[in-house]
Amino acid sequence: MNCGYYNPCMHAGDSLKHLHQLSRIAALNFVLVRYVTYTCMVMMAGFWYLALSLPEAIVYNLQNVKILGFLFMLEVSNLACSRGDHRLFCGLNFSLSSGQIMQVQGANGSGKTSLLRTLCGFMMPDEGDIVWRGGSIRELDEDYYAEMLYLGHLNAIKDELSALENLRISAGLSGVDLDEKEAVAALRRMGLRGRELLPTKVLSQGQRRRVALARLLVSDAKLWILDEPLTALDVGAVALIQELIGEHLAQQGMVIFTTHQPLQVAGTEMRSLTLS
Amino acid sequence: MAINWFKYSAPTTFYGLAGKLIPWFAISAAILFAIGLYIGFVVAPMDAQQGEFYRIIFIHVPASMMSMFLYMIMAGYAALGLIFNTRLSAMMASAIAPTGALFALISLWTGALWGKPMWGAWWMWDARMTSELILLFLYLGFIALHASIDDPRRADRAAALLAIIGSVNVPIIYFSVKWWNTLHQGATIKFSGTSMHVAMQQAMFTMLLACWLYAIAVVLTRVRSIILERERNTTWITELPEMKR
Amino acid sequence: MLDLLLLVIQRDLVLAMRRRADVLTTLVFFVMVVSLFPLGVGPELSMLRKMAPGVLWVAALLASMLSLGRLFSADYLDGTLEQMMLAPQSLSMLVLGKMTAHWMVSGLPLVLMAPILGLQFDMPGQELGILIIGLLLGTPILSMIGAIGAALTLGLRGGGVLLSLLVLPLCIPVLIFGTGAVEAMSSGLSVVSHLSLLGALLVLALVFTPWVTAQALRISME
């Protein structure tokens, strides 16, 4: 009997089994396809990320190499700034390269502090751009902040904390893990020997300013932006600050500052920018 | 053909455009209010269950819808201003806020007037009334924050952020009927198979349209004075004919 | 990232410990507001038992408003906030650290105090437990939403009152779900839905509020 081929029941049964098998394979395939797709998607995302970030990283690291240090590090072009209705300055252009120092001059209310705060990225300029190592500071954001240090009118120290705690915490915030020895050494150099552990509320104005300035000693920032660093300081402290600035410039650092007191830094040409 | 899409997003050109548009919006709003109120209070039949009291919904419903729409529009303008740093968007947002607050207040007031005969109480703590109250608070918070910051740019940006945060609350208001089980009636206007009489529908939509036109007219008027105030030091303001008088 | 978070939390906790009076004021305010209610509405236990969750939640809300003003203003006035914004790490993370410290100083003591006050209102044990879980989930949200308001009103005159006006409406969902859980418990319903919604709000707040607060700080510092 040729039941083998033409038996419809058997055929149906076989095909059912076959179908089961097929569906199992299909399910397996489906899972496989899904995972393959997912993997491809992840890989593609990773590739795009790399493709986008690699050139940037290369350019950035190239600029870090000392040979290119002659290039301008900080470039300000066509900067305009206003406070409320009042236009402080416009069309401001300057650039600063490694080892240079610049004093911002001008009468009270001419926008010196506003300029420095704009350079810090606190204030958005009305026009113009601030470029650090070839990138706008708005986009660099944290990369820029890692390389700059700002000291404003306010000391940014806590009355309840000791000088030592204040210094260690502010260093920690700027990403530097400072051990106690280094911190004590910095404070002693600032002339605060014996006062490291006192709460800063018992210190005098000048001593509190010294605590704030001790940050200059422990920071490895390249660009210092100092707003009136000499207020409340005595002659000895002013000399010390001049010395610190000199050292910083010798190490290819950059300084932008404002002051109403005379400040001499040996061996460097002092550039100046006058706001009217 | 090149079209300058942003021609009217500059306060200079927008000021003139708004000045031309305001009378048209104001007049058509007045006409539509008259028609809507006539249909609502004279033509529309008495409701079988609620008697004459229901007629207050012709003011109540458009007002509460407007208060929500305006909040969304305000938050939208605020977001635009915050992201693209456009001056006009921030001005629009601060011009919309008082009108929105007014509509929220009208909605609460008329709701209370309707509630007294229907529920026997001026105020029921049901979800929709409560969320409308919260919406009023959000408007007041926006206005208060904007008013207490002196620097206009910071005021715009801070208030814009608040409006965006608050707009998270508006969907909660809208879906509150489903979220909490309350006394308030379910939504009566549906897109298909409405249960309302034709005249009622006509009155409702006429009133809603009138409210829209009124809101646009008022907001444009307010935006014009904000532009004048903010740009008072620019030359184009001093050259305006109304400034020379 | 985590180092920074821990540094900020540690710093704020040390500062709070050196200014203990501020912490205690918030707690005493909470206890006082709660104790005023029985004096105002009468001593019937049945009514007090019904009111207890609402009273405790509203008092916690008000108490947390009280301490929010200090969250950023002290740092703003002495210039520390400027330095924080110049930190080469993400400002959102820093803000999250400050929020956490704020909650540990002003939210957690309230949660720990709540059972005692609940007993004054004759709340049964199980409901008290739900209230505490609700407060544990809810008070961090209050700190986080409040931080947005504190950042927006930074350095404004009359900032404290304005802060309450801005923040209280946004906190209403927390209040509703927190008290709703206790009410569900007392009427024999499942509390899971309310607590999950509260948990969902907490997760949402954790994800979004630090970033929003950081933006608000940038706006306010300009």
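Labels for the chains are A, B and C, by order of writing; each one numbers its residues from 1.
The rule is short, and it goes like this: contacts are C-beta pairs under 8 Å (C-beta built on N, C-alpha and C of every residue); 3 or more make two chains touch, one makes a residue touch a chain.
This structure is a prediction, so every number in the text was calculated from the model and none was measured.
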{"item": "Identifier of the chain whose CA centre is least distant from the whole-structure CA centre", "value": "C"}
{"item": "Winner on C-beta contact pairs when B-C is weighed against A-B", "value": "B-C"}
{"item": "Separation of subunit B from subunit C, taking each centre as the mean of its C-alpha atoms, in whole Å", "value": "33"}
{"item": "Where subunit A and subunit B are represented by their mean Cα positions, the distance between them in whole Å", "value": "44"}
{"item": "Multi-partner residues of subunit B (at least 2 other chains)", "value": "151"}
{"item": "Sites on subunit C at which at least two other chains make contact", "value": "222"}
{"item": "In the complex with subunit B, residue positions of subunit A that touch it", "value": "83-85"}
{"item": "Subunit A-touching residues of subunit B, taken from the complex the two chains share", "value": "150-152, 233"}
{"item": "Residue ranges of subunit C in contact with subunit B within the complex", "value": "148, 152-153, 156-158, 162, 165-166, 168-170, 172-173, 212, 215-216, 219-220, 222"}
{"item": "List of subunit A residues in touch with subunit C within their complex", "value": "120, 122-124, 142-143, 145-146, 148-150, 152-161, 165, 169-170, 172-175, 177, 199"}
{"item": "In the complex, subunit B residues that touch subunit C", "value": "134, 137-138, 140-141, 144-145, 148-149, 151, 153-154, 157-158, 161-162, 165-166, 169, 172"}
